[in-house]
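What follows is a pair of complexes built around chain A, which joins chain B in one and chain C in the other.
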Partner chain A sequence: MKFALSPEQAQFADTLDALLAKSDVARAWAAGDHEPGLAVWRHLADLGVTSVAQDGEPVDLVVAMEAVGFHALPGPAIETLAVLPGHTDGALLATVAIPPHVPYAVDAHVAERVFVLRNGVLFTGTPGQRISSVDPCRALFEVTPATEVGPLDGAFDRGVLACSAQLLGAGRALLARSVDYVKQRTQFGKPIGSFQAVKHQLASVHVGLELARPVVYGAALNAVPVSAAKIAAGDAAYRAARTALQVHGAIGYTVENDLSLWLSKVRALHTAWGTGSVHRARVMATLTRPAGPH
Partner chain B sequence: MDLDLDPATLGFQAEVRSWLAAHVPSELPSLDTADGFEAHRAWERTLFDERLSVVSWPAEYGGRDASLLQWLVFEEEYYAAGAPARVSQNGIFLLAPTLFAHGTPEQCARLLPAMASAEEVWAQAWSEPEAGSDLAAIRASAAKTDGGWLLSGQKTWSSRAAFADRGFGLFRTSGERHRGLTYFMFSLRAPGVTVRPIAQLDGEPGFAEIFLDDVFVPDEDVIGAVDNGWQVAMSTASNERGLSLRSPGRFLATAGRLVRLWQALPDPALRDRVVDAWIGAQAYRLYTFGTVARLAEGGSLGAESSVNKLFWSELDIAMHETALELLGGEGEADGPWLDGYVFSLAGPIYAGTNEIQRNVVAERILGLPR
Partner chain C sequence: MPNIVVLVKQVPDTYSERKLASADHTLDRASADAVLDEINERAVEEALQIKEAQGGEVTVLTVGPERATDAIRKALSMGADKAVHVSDESLHGADIIQTAKVLAKAIGTVEGYDLIIAGNESTDGVGGAIPAMLAELLGLPQLTHARKVEIDGTSVKVERETDAGRTFLEAALPAVISVGEKINDPRYPSFKGIMAAKKKPVTTLTIADLGIDASEVGLANAASQVLESAPKPPRAAGQQITDEGDGGSKIAEYLVSQKLI
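The block that comes next holds the complex of A and B.
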């Protein structure tokens, strides 16, 4: 047993991290200027990152999605990397709606391929009305089925796993930004990070994220259901978001501060790809199957 | 990245599982009673005779030289089998790592086999009335005498001290605060020792006060250098908070029982809490496997043991609270869930309160200013 990234996987994570750290494309994407973001996606495809995430082991997908979450990369990443490999036909980005838990296709106005998955059957989709999301980087579209493509198994679960990893990355980013902020923000003559009321909250966020991460990677290895990963990562990231906003104070409650990029992302992903209630029901169903725990 | 057990570990797991299935006794009386203490001591001897009381120790001291992973597997099997609480845990999980790191070969040879067989059961003696979270405020002292030391002062909240044979802790030999403390081992039966048992929340004397009045301790029962006790104690303190004191096996077993309780009493309003408990136990298990991988690469436990301690102590309470809710009106009645609940309440207090642990996480891991 070695429950740690292999040297190749660690290098993949580092490469991705270095590449995405330089990109600052979320605000343009939210404003409707997709070109800088698409340039990053093209770069990822050219470097082979996209194909590793799409065609590698689930752990590779998780590594990629954690980086996407950490750096708030916009675009239909879950859909392109996790759900639709094999159906992108060379397209840079693809998107899909999977009712009832994924009622809209994200960024259908940017993706070159749009699908709907109904009862395990994939259809090409025709985008309809655009609906705003709490996350300005996620444009939501109603989609109607057009042409049947064929059966697609396991798509929702791969999407859930990818969403969990994205939440985990976003949660880690929120904690990192909060730690930086409370070290430099001074009140009462001291950095606010020296106050126990602040320390203890951030320590709790750290514990939540540290214990969620192995659940996400464990789900990639089939040790636990992907629903467990979504619950663990979703709750840890959401706690990170709420705490981040609180320790930033009023500046965090502004759209100008970059914190809003992750706050809104986590709020959106927390209920996307199945709510906590949906996934808890799924986990309990697994645990109480007559054959016993999975 | 994988979670597969190697053939040797699988073989060990199978052996442990079948041995436990044949030997685990039906429920013993509480180890915090005189009869229960001796029953648990006898069980430790049974484990020792099979070389299962300290599997990760070297064979010369009664162990099997098992890997950390095999030890975790042993723990999972042990708790899954519903085997008794470990009366010798203070010795084997807290003192022994210190002896391995700082003890002399003579000390190890003299003390470890008797610890492994529970012929000698050890009590910890860290806290004092004025030194709890602020452990460096220790006032109990040791004065040099011919061939050894005379210990004086008062220790308190000493787990197992009511019935144990020997104790270990820090005493002031000079200086102030962290400087000038020395790590001593002493007999709880020596002249000058008075043990006053303290009834815990469950009514049983799980811990005690120890009064020491010029208690003689020979030089060979000092661990490490005189005046260097703080460094000696802290170098292995992460064992208490971290891996060894509360391994994942315990919580996996509790989570499994909680799921079965929910199946028997399926209150839909409590479903989510049961699921969260199960996920928490799995998270701790997987997190620990990650720690094992990190240690295998030469990493150390350090401040991250505070993350463990925060997580398992709060998980333990949440699981037992959920069980009592499921039991409804029966929740207040005597039974294993109530016993477990009362026990779990101490978790956020002992081995360093969770407030102290959060300070450690914030300052040493996140780098926030003191």
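The block that comes next holds the complex of A and C.
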């Protein structure tokens, strides 16, 4: 199997990196000022990023979601890009609850289209009470079904794949920031990154992310179950977050340091779209089931 | 409906470490990430804006090694229609005059061009002479350092800005223009643009295709050669003076010693 990105996919990733690196919108979004973030989403829509699931291949979607994770872009990205394309009716952002594993709809107060998916049937949804999230950029809402829209297949799996890619991107960002930090912060007259106790931990984070990446891309190509991707990317990103927090020392705990944007995002996504045990059970089921497609 | 040729160049990313190859003091292209020069993105953007307003066709032209196809692909994904890539081993080490001659010949392969748009200078060579040389070789008017371009049927108007001030130029088409930093903000390629670029025609030419002999080009035939190179010495630390009531006169003494006052 070939996991290398095509020149076009690499260029798509570079374009997203260039655009999103200039977009510092997460803090405003968390504070309730969504306009700067929506401007970035409008730009992404103009470039065809929000319709990449319809116009491109599944790997293109993973490339886009990895960039969303790497740059901590707020907004219902998984829902809009991966789960609901074709159901946005020209709206910029859409969100969905898929009980039991996705009990709340993210950012239902910003998304123009709100849905609930029950037993494979999509309903329009009415947002109810807001639930707090560990990630201030994620506002969660209870949703009650209103009008039936019709059947929607594979929605949960597409969301799981997108969530895995977002976690992978966020994990890479945490590692990159940590590596930068340990080269600058000195203790005992040397950069702390020169000490084995620090560099071995970061090397383990790197190995975890590198091993998760082919699983995520493999899941996009249907070579492995998306649940395996979620476990690999979730655990690798969570390890990246824990290690990033440790090597940053006390400054990493502060909300003022931008590290908090990724720490809280990864903590939320690690158990969103199904916890680790849910996905381990799903992988187990594919292994014990008689031969057939995943 | 102007037919536009945009000159582009692949350069080492300004964020990566740029150096000269130790063997022949030419640019070490392999050691750094290669990107489409940013000023060329602006040149492509200007051509696309003219095309969107008035129709026509945008052809991208580059001279460079095989990997320069990445720079071409970027320009095509932004929306240019086709590309010409002059790629020939014997051009290694070519100087600006040779490059201008090759470009002039290559532009001759584009049928019925009205306008040639270049960036004012590259970030690697920083020669800034190509647009002028090209205009001379093709016998066309040159309107360089543009911050604003207007095409009106058979003529082009340019607002030229340099450190010396602004001038307003007008010339009959066809013409060569070069654009500066302030001309526009280049667009990002869209997803569909990136995918469409794969199918756009790229003509690859050697210097033999252009009727140029290998004995006219390359490092051995360049008008000038780099004999030696060394990294820029680090800036020396400045002289620090603690003000003990005589700080003002110490500064004055220093300025007098430098013959500044």
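The rule is short, and it goes like this: the second predicted complex is superposed on the first by the 286 of 294 C-alpha atoms of A that agree within 3 Å, B and C clash if a C-alpha of one lies under 4 Å from a C-alpha of the other, contacts with A are read in each partner's own complex, and residues count from 1 in each chain.
Please note the rule applied: a contact is a pair of C-beta atoms (placed from the backbone, for glycine too) under 8 Å apart; a residue touches a chain by one contact, two chains touch by 3 or more.
Every value quoted in this text rests on a predicted model; they were computed, and no experiment measured them.
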Clash-or-fit label for the pair chain B, chain C on chain A: fit
Following superposition on chain A: angle at chain A, chain B versus chain C, Cα, nearest 10°: 80
Check the residue A:49 against both partner chains and state whether it touches chain B (first), chain C (second), both, or neither. second
Based on the superposed arrangement, let me know which partner A:36 touches: chain B (first), chain C (second), both, or neither? neither
Please name the chain, chain B or chain C, that touches the greater number of residues in chain A. B
Return first, second, both or neither, reflecting whether A:12 touches chain B, chain C, both chains, or no partner chain. second
Between chain B (first) and chain C (second), which does A:276 come into contact with in this model arrangement: first, second, both, or neither? first
Chain B versus chain C as contact partner of A:145, first or second or both or neither: neither
Smallest Cα to Cα distance in angstrom from chain B to chain C after superposition equals 12
Quick check on my understanding: which residues of chain A belong to both its chain B contact set and its chain C contact set? none
Of chain A, residues touching chain C in the complex: 7-8, 11-12, 15, 18-19, 43, 46-49, 51-52, 55-56, 60
Show me the residue ranges of chain B that touch chain A in the complex, using the header's touch definition. 1-6, 9, 69, 256, 259, 262-263, 271-272, 274-276, 278-280, 282-284, 286-287, 289-290, 292-294, 296-297, 307, 310-311, 355, 357-359, 361-363, 365-370
Residue numbers on chain C that touch chain A, as the complex places them: 70, 73-74, 77, 188-192, 194-195, 197-198
Touching residues (chain side chain A, partner chain B) in the complex: 1-6, 9, 59, 175, 179, 182-183, 190-191, 193-194, 196, 198-200, 202-204, 206-207, 210-215, 217-218, 220-221, 223-224, 228, 231-232, 276-277, 280-281, 283-284, 287-288, 293
